[in-house]
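For reference, chains read A, B, C, D, E and F in written order, and residue numbers begin at 1 within each chain.
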């Protein structure tokens, strides 16, 4: 089984963190291919970055699918470009926010997502509603830039922990969801430290991708995910034209 | 990895159907133990059967956990006794309605659950709301008793197909969810016949149980699933007293 | 008019408290029969106790109905087994959480339920949603075991009052709902002390049961409350088989 | 116990129908005083009539309360002026839509309100949401003017029955709620004819008013129903000034 | 273009404040006619005042429409009588709460309404739900009587600012909505002082009224806003009878 | 006043239709600049086209703002790229779906959006929820490609009318919203033909943009629309890097 793991942030070191988390949980028969987008922001922080990360991500998706991937994961907690990816791909696609909320909902009735920046809080709240976790999931921002997670001296981990403390005390969180792909390596240690379930979306997505392949399920092509028909695209994005 | 699959219907032939569906998708390292409840209704059809199936199911759960199961599945689409099971068990527990909706939501925006009897329709609609699929999932009843699914001459399959037709035409369903554990063997053939995703909750639950074990996640014991303290139970159910 | 009042907690002294609250408000022509379940937990605190209280409660319900009760009340704020009771009974059945929220909604737009233990908070929040009081009713736990309400030296009343204070200040509660059958004797005194409406579900349920009998209304047998058909039940619960 | 029953429609013959329904269910110790508003539309059909029925209704309420009523009922299915009445009155006030939905919710999970005119359908749907019955209650209009219910030759009853038929077939209604005070005399006969619960709001309101008085509960004066302070009112409505 | 601006509070000095706010934003071709209701409370504070302000407001509306107004605005933040006005008028009618929420939603995802008295908070929360802003808009009361806004020595502005401070800090409000027509003159100064958008409903309503006239749109007369038919009204309000 | 009207579909003839609709309602002092995106799909039909239309649209937005536009409109009914546009722009930005629902909500309680293709139906339903019109607005697809609206021989208008007929009959729509920028020229004629309000989002957006400028309101930069900080963008989209 071959799973494509796309980092839509164009920072290769972050992809390596994500890849390790994925490999750590993948089944014996699963091959994980982790790729970095070649086009767009070095880190996705808010709506603008998110929109401009999509073409690069779709490019990587088309490439991975053509080389035989059976399922794809979008490794950004905004679930960047998920709908477009599902429409164009012939393989199932999973977002890590979706995967993390799905897993957390199986083990807790109330939980808190701790993400990076305040500007990502409201978009993630919208995802919480989209995925039906409204009333279960709260969202907190730790005020840490995405790439500061790679810098041990940045104090990012301390800020993250401060919000976990507040989630436990103020939100009465039963579990914590890590709200950024760049936190994928922290789940196990935090779970041990806090003594409550800590969910990482990257590893959850790997197991859900495995599930879909094992069950023979893929995105329905009836409705809004119907394959786009042949159409002309103009300008610098012309090569993205479907059916071309 | 050892997964306990409990059929809370006290009909062993139904357990065998469920077991086969589970084994068909289980990972190479997964051992599935399928057990039949020894106490309660031969089939669960509506609220009354459901309530009286719970003690038998909890008995099987305690037994399976004591013998080393790492996760448990409740194989009835009403998710019978799921909350009680999560409170008492030290291992994660998954309901097949929950698992089916979770899987369907990853591959379709609108889908229809087709269940057995009209009296199960409203309880399943309540589960749809509980699991956050309101607005995505419709529920239809095919007017077939649960055990008629085991009788090829009953016409049950024809009635099931008639509702799938209606779901596609009237609900514009993008996928179908089979709303009874006794339908677990039908998913693949129906998917091939109709050309749209057909989700079986038993096999979906197996993969989600594998996910939780692989991720090291179990039911949070903060909140409503806290382990019950020692307490006296009176009468014929005295042996169920927690901490006894 | 004859109303059956079932305490699903198997503690007779608690039934006496409940009975007195019921008699205090019952109409001149109403006979209240208060019975204690013979099977299950001495107090219902959370999902596990709740599930195992149901068979004992259903037994008492069948017995009371056969002896001529015209309506039944389930005197536990979790509305334990309410759906199963409605399906099997030929008489109307009311839960005290349902009755309390119904009464509170007639006299206040925002109110707070104060219950016993934290583990009961989320189940009651689910009932609040079920009964359409979401957005009106908040739920607080006073951290008092159910049976401590019978022990004047336990400090339970002080803890209850502390939460009422918080409800008034922090939730801007316009009324208080007492979230445990064991608090039925406290409503009048607390109402006098705090100068705002305090609702007890037991007495509210008595008047609503009287209403249904007076109006000639009983549970509709169309839909999910249709009377269960004849069916085999196995094992220790075989005698519960419907139509047997 | 003394209950004030106000018909905000200025048609005395309609008040007589309402009064008879109320008396038929009132307790032995209950005195029902039915009064007709002296100011406003002869029948309330839609938003405009409703708004102009309020002063006449408030006048009757103040008068009834001053003469010793312990609870009041507003006998129009739009729950005309309910909030204003609750703010100004020192006694509890119940609307018949509220009372009918409350009673129906105790005996059915899905039910249909059948009202008079299409222009009343959306206002009643708003009440359904307000009272938390969204998802349970559908609303249908039988296309009959309110006062045609008093005219046996109008065909109004036939049209009403046609919508009940549709409610049972198309909505899978488990119970019917009569959506106009002028239908109060029809509930028992329709219940017998159709074999499912039929709820009349007038009689339901009487029993709920009795409940509130028996329980010693009245509208909370904390929040939006706080008693209005002394204030000048200008023009023809000057005599309505509170505290005057 | 001629827009009728009705102050349903019977205080002429307040109308002048509202009129100035309206004129400040009206288009070059727009004539704003600001009128004061002649009947009802000097200030609208809560449900009772609101109900008794409606006849006076409807009188002014009918008069203004007969003299050629093309759209009308109800200048009270409770959107007093809006539904009745829309049913009877042949021109579009806009409420200032509706207009303010509409404008705020175009420029902010989360915002806070700051109104006058606590008793107005819950009615405005109901409007927030009605207009689809639930989850976006919070409501706070500054504890200031409506007419105190006209008295510089009342301290009203300080109290208003204290709640704006809290909205920014505690609600993380992105914008502020002024929740009373009497605050119409404050928006620009507060926006400059706080550096975030401050929305006044009166001026927003003027521009939305201009929009409807420019687009040739008026209240649909299908459904609940259908023009009332001819009917007898009794007593002091007889002259309000439609079609008379 | 200068308003930028961006057609994110890269088809200039469609821009001309949109431009004419805008000019027809713009105020005397308003200059409308209509521009066509230079990069991306010739028509936006579904999620994939939508995602790839965003960079071209953002380019046009940045250009227009730098040349002095005071407000911008995105003329595609999917409100393509609206969040990214609001984050990066210093001027207010309005989507035409948002504008159309906003206008329709001022004149009707229930209305139906008629859009082009089935694959756009669910994305527009998501916008209906986002803008708080859930429960008011239904969405129908007429099964017409976007560009067929420019071809009188395509039968597109007939199909559109067939859905309007169904909306009036089956949905009891009080008003119709045209669900595609390419229909902007049809609103007046359809309104005359059907005798109910027909709303075009392009012209509604022009008036709302004028409103925001007149009121001095712009997108709040607190929260998720905070201006993006300086950041590196890689590959073909490097020139989109904010702060560059």
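Note that contacts are C-beta pairs under 8 Å (C-beta built on N, C-alpha and C of every residue); 3 or more make two chains touch, one makes a residue touch a chain.
Chain labels with UniProt names: A, B, C, D, E, F = Hydantoin racemase.
Model, not experiment: these values are computed from the prediction.
Novice: Name the chain whose C-alpha centroid is most distant from the C-alpha centroid of chain E (Hydantoin racemase).
Specialist: The chain farthest from chain E (Hydantoin racemase), judged by C-alpha centres, is B.
Novice: Note whether the interface between chain E (Hydantoin racemase) and chain F (Hydantoin racemase) is symmetric in residue numbering, meaning over half of all numbers used appear on both sides, and answer same or different.
Specialist: same
Novice: Just give me the whole-number Å value for how far the CA centre of chain D (Hydantoin racemase) lies from that of chain F (Hydantoin racemase).
Specialist: From the centre of chain D (Hydantoin racemase) to the centre of chain F (Hydantoin racemase) is 44 Å.
Novice: State, to the nearest whole Å, the distance from the C-alpha centre of chain B (Hydantoin racemase) to the C-alpha centre of chain C (Hydantoin racemase).
Specialist: Computed from C-alpha means, the inter-chain centre distance equals 29 Å.
Novice: If you average the Cα atoms of chain B (Hydantoin racemase) and of chain E (Hydantoin racemase) to get two centres, how far apart are those centres in Å?
Specialist: 53
Novice: If you look at chain B (Hydantoin racemase), which of its residues touch at least two other chains?
Specialist: 109-110, 122, 223-225
Novice: Which bits of chain A (Hydantoin racemase) are touching chain F (Hydantoin racemase) when the two form their complex?
Specialist: 10, 37-43, 45-52, 54-56, 58, 81, 83-84, 86-88, 118-123, 126, 130, 223-226, 228, 231-237, 240-242
Novice: Residue numbers of chain F (Hydantoin racemase) touching chain E (Hydantoin racemase) in their complex, please.
Specialist: 25, 27-29, 92, 94, 98, 102-103, 105-111, 131-134, 136, 168, 172-175, 188, 191, 196-197, 199-200, 203-204, 207-208, 210-212, 214-220, 222-225
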